[in-house]
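Each in structure tokens, the structures are laid out below.
Both complexes shown next keep chain A, but they swap its partner, so chain B is in the first and chain C is in the second.
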Partner chain A sequence: MAPPPTSQAIKSLYHNMLRSSQSFSSYNFREYFIRRTKDSFREMQAESDPTRLSTLYAAAQRESGVIRRSAIVNQLYRGPKLAVELQDKEVEAREMEGHALETGLERGNN
Partner chain B sequence: MSLFRFAARTSALSRAAWSVRSVPRAFVPRAGYASSSGLSKDSIQTRIFDVLKGYEKIDPTKVLTPTASFAKDLGLDSLDAVEVVMAVEEEFSIEIPDAEADAIQSVDQAVDYIAKTPEAH
Partner chain C sequence: MLARVSRNVARRANVTRSLCGARRTFVQPSGADRASVVDVPSTYQEDNHFAPRPDMLGFKLEAPQRNGSTAEQVRPIYLDMQATTPVDPRVLDAMLPYLTDQYGNPHSRTHAYGWEAEKAVEDARKNVADIIGADSKDIVFTSGATETNNMAIKGVARFHKEKKKHIITTQTEHKCVLDSCRKLSEEGLDITYLPVQKNGIIDLAELEAAIRPDTSLISIMAVNNETGVIQPLKEIGAIARKHRGVYFHTDAAQAVGKIPLDVNEMNIDLMSISGHKLYGPKGIGAAYVRRRPRVRLEPILSGGGQERGLRSGTLATALVVGIGEASRIAKLEMARDHARVKDLSDRLISKINEQVEHVVRNGDLKGYPGCVNLSFAYVEGESLLMALKDIALSSGSACTSASLEPSYVLRALGAAEDMAHSSLRFGIGRFTTEAEIDFVVDKIVATVNRLREMSPLWEMVQEGIDLSTINWSQH
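Let's turn to the complex of A and B:
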């Protein structure tokens, strides 16, 4: 059985997993993997049994690789941003665009 | 002869094209290589405070002090501290290596790290 991971190792794995979860380009996957990573590490934090802890740590390590690879694939097939993740500036830009379109239409009708 | 005339004409044309292209553009000021990151400690500190206030587990109405420790004063555990350090990384668009990210345990340590990182902006 592998020795239980140090807290330093757990923290650095947490950092890496959160970072790769954040690099998903689609909103749903990104939010899901961030949430999932946080949950799994909270579970690890609450665990006191060292053998169980090293099992959880090994599983998280495997998952870290999976997340990193799928994030890369997800970036290759990125789609347009969802309405929920548009920043205020972009929303303003969209509204301006819509406004310009409307005035253009009015001008066309007159 | 006609060939030379043609050659002269093309060269004259290309020279005209060159002269159009060489119109001086507006001077774009850029950071000099020798200049510092240009972030004052005050601005770094206010930005870090904003990051902390935006973090879900910190009460935004709480008064933050420059020397507040993540664990003792802000009541964050080690995983929360990792998340805060990540939020700071994102704010200043840098990547902090794990060893140094581990050493950041308080607001002033974060400010010092950003101040000595030239890539931070």
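Let's turn to the complex of A and C:
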């Protein structure tokens, strides 16, 4: 039986997996894997049984490699962006503009 | 200097123009005497406007699509998970070794290439068997659920056709089941097409009454592909088991990996599974064929006797690995996926109901939440689909989406013709996000309101006229 993973090891694996998940170019896959990684590590955090923690950690380790490779393949064959992503960006841009305007106004008042 | 250059350019342009004029063309330009200035029609659209030039020789030339120019293209949001699902990246990762390095034939017994492929196939078989609670020897790989349905229905019926000439199915089955049955009825078998109740579920008493001494097969789908209605498989299985020699086949293409299934608990004798409905690749499916008590059927393909002789032909190792990995993931994630799909589906339904009135949900409310079939009254489904260009949706099954006929599944549920025409099917899956649902709701609400404003029927409804009292044939 492998010794239970240290909290530092878990944290580092979490960051690795999150980074791989964020590098998917497809919106749906990216969102899914980010959500899933967060979910599964939250579960790991709440786990107190060391044997179960070890199995969860081992599974996450295997999956980390899978996600890293999948993200690379996904980037190689990237397609156009989804309508919902572009909409998000538009909203962001508008907010940024609004923000700039506000700060400008403040400055003007001063 | 500049003037000379521009003069040169002008002269060169002149030369080419006169050359063009001299060339024989398929489209003869009309002369200046017939020319007249006309206003652009109100429907004129800059993007779609197409003006032929003389060098096209009368043929319409398409500008080649470049892969690099993805920046300005937009992909619609995918909400048609009943037609097909995207391949999960983890499934693709499991498949890739068998598409590149490990290319052995799984039936080769004399070398390591064959052994490694065979091992992969058997692991996949185990995974597929696990998700439906079967033994791995019961699983036969096929090319998809259509082939499995054909194999099961025609196979069982033809094997027993000397003594048993009757098959029971329902009116809401998938096209491939109905068509297999039609073929068998041409061969002289009797088919009973059971009607369904208003919620899409069959009446068990009616099923029991339909069973005859010469019934060989009951074929009823697990989850309907258009309405998401879940049939009571356990009860149907119990009825089939009570009558000796009646086999129970279920088309579970839309159910496997989405709702828990157990072939022993539900007394299922044959089951159809599809790879691309559970985030696996297309072109692969599986059949569950019970061995104890043994279900005997006549194979459609004859050949090398692979897959217990039921489906000859070399297995596509990579695809088999794909469906195996997809099943493994689906089994692990089923609870999580189901909870999420339920959340998203509730979000969609409640948001639409908040903002639009006269929306009817077709099918049983306790059906699979990932398939939401809504009818928007006084709006034509196909025109709604056309107006929603940023959303990939369907008004019904993909197989019949080319025809404008109303869905036969909705008609079987007793929906009026106009409601069947105004239906949309929302397929929600593992990779759908909240932002997508909100986006879709906004677009749908705006489009439905716009189309209704244009509709004279809607105006009449607003004025309080009951449409069913109008005698339409009067002109």
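As a convention for this text, the second predicted complex is superposed on the first by the 86 of 110 C-alpha atoms of A that agree within 3 Å, B and C clash if a C-alpha of one lies under 4 Å from a C-alpha of the other, contacts with A are read in each partner's own complex, and residues count from 1 in each chain.
What we mean here is this: a residue touches a chain if its C-beta (ideal position, glycine included) is under 8 Å from a C-beta of that chain, and two chains touch if they have at least 3 such contacts.
What you are looking at is a predicted structure, and each value in this text was computed from that prediction instead of being measured.
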Fit or clash between chain C and chain B when superposed on chain A: fit
Contacts of A:57 with chain B and chain C, given as first, second, both or neither: neither
First, second, both or neither for A:42, with chain B first and chain C second: first
Chain B versus chain C as contact partner of A:28, first or second or both or neither: second
Touched partner set for A:86, first chain B, second chain C, both or neither: second
Which superposed partner A:78 touches (first chain B, second chain C, both, neither): second
Touching partner for A:12 - first (chain B), second (chain C), both, neither: first
Winner by number of chain A residues touched, once chain B and chain C are compared: C
Nearest-approach distance, in Å, of chain C Cα atoms to those of chain B in the combined model: 15
Where chain A meets both chain C and chain B, residue numbers: none
Touching residues on chain B, where the partner in the complex is chain A: 77-79, 82-83, 85-86, 98, 101-102
Contact footprint of chain A on chain C as seen in their complex: 70-71, 73-78, 86, 89-90, 92-94, 96, 336, 390-391, 430-433, 435-436, 439
Chain C-facing residues of chain A, complex: 24, 27-29, 31-33, 39, 63, 66-67, 69-71, 73-74, 78-84, 86-88
Interface residues, chain A side, partner chain B - complex: 7-8, 11-12, 14-15, 18-19, 38, 41-42, 45
